[in-house]
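Going by the order they are written in, the chains are A, B, C and D; count residues from 1 in each one.
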Amino acid sequence: MLKIKNLESGYGKLKVLKRVSMHVNPGEIVTIVGSNGAGKTTLLHSIAGLLKARSGEIIFDGQDILRLTTEKIVFMGCSLVPEGRQVFSTMSVKENLLLGAYVQYRKKQKERVRADLERIYDLFPILRERERQLAGTLSGGEQQMLAIGRALMAGPKLIMMDEPSMGLAPLIVKDIFHIILKLRNEGNTVLLVEQNAKAALSIADRGYVLETGRIMLQGSAEDLLSNKDVQRAYLGRDIDSEVELKL
Amino acid sequence: MNFHKYLPIAALISAVIAIQLLTYFTGSAYMLTQLTMSAYYSLVIIGLCILMGYAGQISLGHAGFFAIGGYISAFLTTCNLLPYRSHSLVSLFSKAGLLNMSEDLYGGQALHFHPWAACVMAVLFTIIAAYCIGGPVLKLKGHYLAMATLGFGIIVYRIVLGTSFFGAADGLSDVPSFVIFPGLEVSGKSSVRIQNYYIASGLVIAGVIILLNLINSRIGRALRAIHGAEDAAGAMGVNTAKYKLHTFVLSAVFASIAGVLLTHYNGGIGPSEASVMKSVRYVAIVAIGGMANLWGALLMGFLLNFLSLRGYFGSFDDAVFGSILIIIMLFAPEGLLHKNSFRGIKKIFSHTTKEEGQA
Amino acid sequence: MALLEVKDLSRAFGGLQAVNKVSFSVKKDTIKALIGPNGAGKTTLFNLVSGMLPPDSGSIIFNGEPVHGFPPYRTASKGIARTFQHVKLFPRMTALENVMIGRHTHSKAEFIPCMLSLPWTWREEKQIRVKSLEIMGFLGISAFAGNEAASLAYGQQRIVELARALACEPALLLLDEPAAGLNMRETAEIARLITKIKEMGVTVLIVEHDMSLVMDISDEIIVLSYGEKIADDVPLAIQRNSEVIRIYLGEEDA
Amino acid sequence: MNIELFFQYLVAGLTYGTIYAIVAIGFNIIYNTTGIINFAQGEFVMLGGMIAVTMNKFMPLPSAILAAVTLTMILGALIEIVFIRWLVKPSVLRMIIITIGLSIVIREGALHIWGESVRALPYFTGTEVSSIAIGGVFISPQVLWVIGVSSIAVVALNLFFNYTLPGRQMRACSANRDAARLCGISAKNMVTLSFVLSAGIGALAGCVVSPITYVQYDSGTGLAIKGFTVAILGGLGNSMAAVAAGMMLGILESFSIWVMPTAYKDVISIAILLLILFVRPSGLFGNKEAFSLKEF
């Protein structure tokens, strides 16, 4: 579905990604773990076209999307849930979701929108309750759900999530991860970037470890979870801590 | 004490002297008139530079402070108090030595405020006005701050334009020369042209030294902190409201002093000095100089005002400043004299999209 | 004796009661943590204590003196320093200059002396520089004292921010999610530094999501939920508190 | 006080109020999509009037107005494409200065094209002296034109923003640009559209008011200040509130002539602007909560 070859990207003089290659198969959850500043967000922004990559290839659905604008990439079916829950805070929950469906309107598939809306409300019942509320007045967890719901309204083939657990309380993080699992079980493809390596790897099929702009390790989620280096660098403290995030 | 700190000042003093000698030997001493005027305008500009570049607060009303200084000084030194001589207030002023007697054009007697008294009163009034305006205005940010200061400028403009004792559209004229002390006077007479050039330049140099000291001190650092992240500066114990207000008042005083002296130099002042276009021009020059760059502001202040006063821009004077503003802000928001100033131009030809941080 | 005494503190935004009659105290020379689900009012409480927001009602007594309703610069001068959830350095200044701002409350040269560059202001400036470098040395960040803050890596920025707060020589240090966005190694480093800071005699109040960090370093923990305090105890008791588990930590097999 | 005179002043106030409201709405449209206050908004009004006057020499009034509005819209699009479109995350200060620069250049350009003379379109119906008597109050038919055209424009815009997809897209861009792009919305086209819309509505206002207020190369600045005052008074971005605020300012100004010299008329409105900025920058009708959600 998504295939990246030798991607180089960065801001100004700073080169953040160095020859990154990876792929995502249809129907799987792939997670990218790594410390802050490793380039995880840069990678997602480069795929989504928010940041123009320097060189390399990003093949989505058989087409090179490296030089396409964000709008075109979304139109092709690749949606990003941005870091920090960037909802339209001055608009209602419903308006947020309808804007997510903009691609559907452009594809002249208006009838789908109503059904999709119902689907999202079933997935996140709290959003149905808050339909008329301004998005900015929602709590952090609700905003994250709205952001995911909005991305789903576009009917994407691939959904990318940037740190969905960031700044959320453990209980809500658990909800969010349950929903990601549910999405996969419904046949969606998910590319998940997470700081919380243990939680991410426990729901993912495969994973990549990104360190200072390079892919250092890759493999199945179980392999990575049991890898000594990964444990030491990213899971270390979690393993013997008393409060664990269990799913 | 490090010597190189004073090197730029020495260079500035040498440049001032060199320019005077140059005009002397090339027989273009008449240019000193415009140079003197440019120096006074530069005083406004370096004051504004501290406010905009260092404390990060825009003011679109600085011509208002210039006009307050100029108009009050002009009014007090030209209005004849003779008919009110017996009034208790006037005799009080007289006893305090604030007034002096002069002869008007027709040989009649006239009683005016002494320029020194007028100057002090003008500056005092500016300080009061700046405190009153600055207090509430500086609580605002971004567009709101810009509009509020613009509004202040327009109010001053409308008042001087609509008030008969300020001469309405004609402004005030016949402002006497300002005798600082016997033998040294601020006036436009050609006999004292060189003297006046040095008075104005000396004032600018003093202003630059004072502001440089401020920039390189604890206060200057606090101002840059306010510019960078105001709430963090507050959390570190910087009284942000007070510092912004004091900087605002300081830059208003610079504008006011320039207004007083330029009015005495020109022998008058008109409402155009208070116009919005003047305020915009000051902002433009600070922007070209590079916002947080006192030397850049100073150089551009001298240069552009001089060119403008010499009439090089013809009837396109305002349009030139408007265009300069646009071009600078599009291509070199760090100012012309910044080391990265050409990055902006290069940017058009390359594909990099990363932009500078929020100012 | 309690260094900080908060009584019945309340603050609402519009109709939302962000902090509702919260009372607690922080003992001298301890680390106290503030945890709770998102939107529980932790950051609001922090902003109230540091003076960024005025409370609607209630009192904050610091060192036996009421400080509620003070603007931030005054609480800072009383000896309360803070860091921010999203690092707030002065981006265009060097790391050293950032830390030097922290010395603001311990220096006094005002506009006129600075403009005239009086000799005593030079001496003061020198003291500020020496002290700032000393603190940067203590935290192990002297190496990039001259670098522009914006050019530093995120983890380094966090420590510069910590240095800036320490430069205030606070009696109470407020840390707002110091480990947010840091990896395991960096989190461990922060934990070590916080403990070291406590040993220096600085009382710490910390908001944090990373439970292992909180459980490790804090002496006492307050749990907030929907603006109200639901528990205030030592870490072990908090972990066993059924109410806390239900609301925040989550049951083992939900 | 004479009751007829009172109504005469009231009508004058309402007329000016409508004009201010229209200018304020122009500000709001661009502010809502970009977060920028376009200091050149007044120049759009001036250009609308000036171009229509010139065009009216060659063609009948309706087509002259249409041409003026279209040309100003094109200019609005050009301004956005040339000066704004390619800037990535410019600071507020930078945008303020650029739009101020633009307003100066447009004004000076107008001075060189049209000179300093004062012009006006003819009255749309009737003449300067014709009037309609309503209950003893004489109203110029042009006043009805101003109020009518403005009302239609306001209602149409409101429907556009709240019930059409492009309108919602524009609001989404104003709320969060990157998130809007991630929904597949072309933020840049939305910004261009907002400049076109606000140039159009400004030019339309310039046309309908020019028979009453006349138009000159520098008449934009004054209107821009009034328009901004009204926009702030109503709460920046809130166009319905701007209408109410416009009426208030217009009426207040109109009656201020009784107590103050005419030369100080503008001082009144600016003093109100400053007062409202100091006391309640979220505007009279502004929602303080929504205000705090906005970023600057």
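In this text, contacts are C-beta pairs under 8 Å (C-beta built on N, C-alpha and C of every residue); 3 or more make two chains touch, one makes a residue touch a chain.
This one's a predicted model, so the numbers in the text were calculated from it and none came from an experiment.
Centroid distances built from C-alpha atoms place A farthest away from chain B.
Comparing chain pairs B-D and A-C by the number of C-beta pairs in contact, the larger count belongs to B-D. Averaged C-alpha coordinates give centres for chain A and chain C that are 32 Å from one another. Chain geometry summary: the mean Cα position of chain A and that of chain B are 54 Å apart. Centres computed as Cα averages put chain B at a distance of 42 Å from chain C.
Counting partner chains per residue, chain A has residues 137 touching two or more of them.
Multi-chain contact residues of chain B (touching two or more other chains): 353-354, 357. Residue ranges on chain A touching chain C, taken from their complex, read 34-37, 137, 139-141, 166-172, 174, 195, 233-238, 241-243, 245-246.
By the touch criterion given at the top, residues 1, 210-211, 213-214, 217-222, 224-225, 227-229, 231-241, 246, 250, 357 of chain B touch chain C in their complex. Every residue of chain B that touches chain D in the complex is listed here, in rising order: 58, 60, 136-137, 139-144, 146-148, 150-152, 154-155, 158-159, 161-163, 276-277, 280, 283-284, 287, 315-316, 318-319, 321-326, 329-330, 333, 348, 353-355, 357-359. Contacts from chain C toward chain B in the complex involve residues 50-52, 71-73, 76-77, 81-82, 84, 88-93, 97, 100-102, 104-105, 107, 109-111, 114-117, 121-122, 124-125, 128, 150, 164-165, 168. Listed in rising order, the residues of chain C touching chain A in the complex are 16, 36-40, 153-155, 177, 180-188, 209, 211-212, 215, 239, 247-250, 252-254.
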